[in-house]
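Dropping the structures in below, format is structure tokens.
Consider the two complexes below, in which chain A is the common component and chain B and chain C are the respective partners.
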Partner chain A sequence: MGDYDAGHYFLTIAAPVERTGTVTVNGKRRSRIDHLRDALASLPTAEQDEFSRETRLNSPFARVPGTHFARLFVLDDVRYNGRRPSNPILNLIFNVQMTVAERVDHLPHAYLMMTIDFDAVDGSDTALRAYANDLWRHMSDELGLIFGHCIGFEGVNSEQNFFDFLRRTQLHTTMPFNDYWTSAPPVTNPLPLFAAIAAGVTALALAAWIGGIWVWSFWGLVALAVTTVITAIVAITVKRGLTPFPRAPDSDLASVLKAAYVQQMFVGFMIDNLGRGGTDLYNAFEAFRVTHQPANLQGPTQPSGVLTSKWQSR
Partner chain B sequence: MTAPLDLHDIQGNIVRAYGRYGFPHARYFLFHFDDAAAGRKAVLDLLPLVTTGERWSDSPDGPDRSGVGRPIVTLNLAFSWLGLLALEVPVATLAQFPPEFIEGMPARGPILSDTGPSAQEFWDPVWRNAAKGASGAAIHMLVTLNAQMQADATPVSELDAMTDQLRTLGSGHGVRLLSGHGQDGADHQQACARMVRAPDGSLMPDAKEHFGFEDGTGDPVFAGQYSLEDQAYRVHGRGKLMPDQTWKPLATGEFLMGYPDESQELPQMVQPPRFVRNGTFMAFRKLHENVRTFDDYVAGQSRLYAQVNGIPEDVANLTLRAKMVGRWPNGAPLIAAPTYEDMLRFEVEWADIPALQAKSGRRNQAEDDRLATYDRFMSDFRFADDPQGVRCPISAHIRRGNMRDMLDPYLSASNPRHRDGSAVTNRRRILRRGLPYGPFDPPENDDSVERGVIFMVVCSDLFRQFEFVLQQWINFGLDFSAGNDTCPLLGRHHAGSKFIIQADPEGEDTPWIMNGLPQFVTTRGGEYFFVPGLNTLSMIAEGSVDPT
Partner chain C sequence: MCTSTNVDQHKTSGAAIKRLQQPVGARTPALTHALPFRIMPRIALSVAQKVLTRMSNIAGKAYSLNVVTPSTRWHGWLKRFIFIIVRAVPQLLAGLQGLSIIQFARWVIISPNQWPKANPDEKIRLYYDYTLFCSNFNGTWDQYIDAFSDGIPYMLDLAWYRDFGYPASIPLEPFQRYIRHNQYQTDYFFNATPGAAQRDIKAALRVWRAVRALSDLQPYLDPASFEREYLRMVTGVQNDLGSMGPGTMASLPSRADSEHRQRMVRQQWDPTPPGSPAKTGRSKGKPGG
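Our next item is the complex of A and B:
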């Protein structure tokens, strides 16, 4: 849980990079991390504004179906937050010398981090495998250029061993960012169940006491009953917390792109038909419906990685 | 509890918009310092002339009963970051100023949408040369003069005298008045309110800009700005809306440095903190208005709108103008007067107001009360009363400039305790100063006529307030679900830019779209300035700023 929620897989990859690694550029040895960062910086982004639009380049992830967001960065190390706070009285008692630097934690390597939100039916390895295959199929060149700097990527040359590489380097996320539910998801209220458990346990305890089955102290019985109820409530809450939300309506990428497309085309339709009514308007709308096929995800739609549907015709 | 402000240490243009206080004429001068000592001497020479924020007894708009009389001509000073550097304010102090002020307005072009027809290559020479970094062209000091007028509406003669004094500032040594304003390369920028005939036949200024709209009506009110008596009526619709739906003045720190702001903390300070106290920042912008394009575009749109709605074209024309702005050209807010008929009633009901506003000499209590009531009608409204933009479109200019309570996430909560009022927008307010420039009703109604508005924004954080409002609310629309639509009047328009007029979902009308908006307003120059308090001016002039 965490890797999957509401119809989306939240993939987090941490691929180790040798901190002291080098690459040879024009006969000179250069930092591998510097080289990797440069490769990331020169990887085109999706269209973000009028300036990135002018480049006419697009992110390779735009070629991979179902990709909502993809982000790559290099993590050098854990950030040092300064000396841990300590109690001055305890320091005095245990003779802690504040002037002597405390141990600073480090990660064993630098890491190339990759986070991707993509459409998936569930959080299974099969779902991840399907997406990994698409990644490899659509952008193995770019993946090779980037992940080629990572430890353990040697020999990755097929869908199968790319998937294995992802599985080895995957981190399980605990906090997916998912904002596709625009209203509260349909979740049943657990309070009646909690009440029923409390009532049932109380009834059992009373029966045990009255029936003489419980031979120890009354307060022991109360403690047992209360503990049982709390444990059950916590267990149910945790279980429900680990259960993914159902897929939000129309939250897959194809639907999102189609919606963006239809919205834009409909504004054009409105402008073209300002002030019209009756049969004229009806016929115009019928033509709009036939041309743009609002309900057909396979029909005309907005390409991924761009801001507007107009871009193609510019 | 608000501590009273030391108004004599605060420059007068921060606490009041001179145009509304009987100063319809303005001149703006830009200086370059070639020599630090000469520059400081010039500041020292001007210091006694600086108009402070003291209250006036004879102000036609909200007189103060205890203060002194108005000056004939006001004078105020402001410095760019480069100007402070040229005056040798210590780098330890200057390094702590915010980056947008250090960079200056030209470098912020992409954020301010000073691109396309607003790009620096089209700016007036004086602004363009500075933006290009031409040698000796950097703008260091802004001096603003505002003048009262004579009976024939021309400026008082003291304005010319003061102008001559500024022309000889520094006696030609180390201080240069920069030329290159407008089409004739003048040595200052002129500005003047529109003049109209009062009922008694005399000429009086009004607050309309060249597109024909009343401007500057909803300026914010901050704590300490007005006497408590004035504040009590001005605060309605201009201050901040509290959860219980009452109005309170905004925190002083939003517009003056050295005071707590709306986040209940002190805005950025420098060493010594005294340097910025009672000072603030000003964004100066010269905005050209393409009046011909605007008139033609609205006329073209009105034809179809009139035809479809079965109304006369002149009514359609006025209605579309009002929808774009959110106020009728006479200033009546659409929230309070949504229909053309409401607007006509407004004209009749408040016909006596222009004469009252222009009245020289003291008004009686009944007249003051009448003006206060009018003032509330003009400003005291909430967008909670029109959440779908049926009366005032969501994307209209006044909704974009100040969203009031519209971003309250609990806007529809019936229990006031659950509401947030204008909390989300309280840190995005700006004071607007300035006047129109160029001729009203020139012989040729043409875009090339040199006319527009001198737009001066006063706030204590240019990035958080001015730049945010311009970038996110004027030139974008996500915060109010208007996508990437921009302000129909002031916004940067691209091919296919549009403005949507919402219709009542319960009614028969369909929404209307004004399509293919051309560029109505373009930037012709601008810079960021620091407006110091009087004591800081002294320190700058003496070269005694001590950051240690």
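Our next item is the complex of A and C:
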């Protein structure tokens, strides 16, 4: 129900990986999953700390427009959480054998899980296809390196194939969450509406009973009224629950990066112009405005996947 | 079924990718002829690289948490309806928003027949529904779990409603054990704004809007009026001028993990030593770049 919410697409991919598969390199056999993990561990990250800053490399995902977050991890198998608590009295009555294990699940394959949060206009296939095309266009080599270990990726060599692969391996998000609201989100509380529906149906039922329109059992009328109220509330709840939240203003990545850039530049500007006023300040801000173009998303901005933008003091 | 593939058959190209296709052991020089006292540190380094670089939960100020937990099919459907109710009554999300440390998060409830198959005819035999919870949050694991447990215990109890072994969000220690038991380490994590936490982004958006408004206004103001507006604007955003940058290292092992990982990345994708001039465009490891 929730692949799309508040201007973002919450893509979840589970690509099967053969658990017992191996790869052979230079005559040596190696676990495929181990090799895949090694490939992921060696993929360049964003500039995210002092060590990654030194490498002067950036993540391939930084090349794909609109990508806020991406993560990959191998799900070897699901974990057993122990026997479920049960009532000892009922166990005694029904002769439940506590020494017999409950059913334990094992996934048929390992899965390479990938989740990406990216900007989208809606949750349609068109939006996913546009992003999948961007992914393929900007990092097809890295995608081949990673997903080449997954079952079903053989023969993927074009944008169309890759989109089909994503659709085959996509899991649908149940509950997405993102919060880039700088003020209270414009959402309404449905409880007054529920109360009004209940009051309205009750009034109608009473009128029908008192006016003699309802000629059958009183309890039948009560049951009809309660059923009507519950049906209306459930219908409204489901409708609201499945409707995406509105997009927060400026919550797309281009705006977020521009905002980060302008904030850092403005802090530098403020420090440089402490104590100035009048024409000096006016001219300095005009130069700032021309240089950094605060209203222009295509103008100077912070690249994706870097820690900071550096202010050049005059 | 067990199959073996020669990695050279994969659709990859480029020197860096070929280097990456070699196992770790093949990338390091042969050790057989080295003296024992020279071997041991190298073995230790290799092991440390393999172990420590296998975790990538932190990217700048964001931590990525993955938790997969089982529940009965019936409770899986019930949880789907609970999430619908939570979204229908957004006031129930106020606590989650109030934490102001989560940038993106998702819950994915997976039924047995929804797991992708290796081929269309495959029959997947699973008994339970699974809930995948992925969160991008700011701070350390301990801070997050503590904040979750203290701030929105009812929301957690709804999100993991009747999952096997779920001990309830309060008291804290059993809840921490439950999360730790069901957590999967992230192998690769990308954050487009690693220097900014969620509150930093909101602060930057407020400053950006104020600067834009002042820029729009400037052509219509004389210098004296502009100075007044400027001071008014700066006063208005003075609490939003925090600095961006790397997050605090959560622990020494996290720091060591990052150091080892970046050494490995550099080794694979760009042998240029640190401190050399910045490269432009794509990384050296990117074929054709």
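Assume the second predicted complex is superposed on the first by the 268 of 314 C-alpha atoms of A that agree within 3 Å, B and C clash if a C-alpha of one lies under 4 Å from a C-alpha of the other, contacts with A are read in each partner's own complex, and residues count from 1 in each chain.
In the analysis below, a contact is a pair of C-beta atoms (placed from the backbone, for glycine too) under 8 Å apart; a residue touches a chain by one contact, two chains touch by 3 or more.
Please read all numbers here as calculations on a predicted model, not as lab measurements.
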### Message
Contacts for A:274 in the overlay, against chain B (first) and chain C (second): which applies, first, second, both or neither?
### Response
first
### Message
Is A:210 touching anything from chain B or chain C once the two structures are fitted on A? First, second, both or neither.
### Response
neither
### Message
For A:108, using the defined touch cut-off, is the partner it touches chain B, chain C, both, or neither? Pick first, second, both or neither.
### Response
second
### Query
Does chain C touch more residues of chain A than chain B does, or is it the other way round?
C
### Message
Output check: A:100 vs chain B and chain C. Expected answer is one of first, second, both, neither. What do you get?
### Response
neither
### Task
With the two complexes superposed on chain A, say which partner A:89 touches: chain B (first), chain C (second), both, or neither.
neither
### Common interface positions of chain A, toward chain B and toward chain C
51, 267, 270
#### Entry: Interface residues, chain A side, partner chain B - complex
51, 267, 270-271, 274-275, 310
#### Entry: Residues of chain B touching chain A in the complex
110, 304, 307-308, 496, 498, 511-513, 515
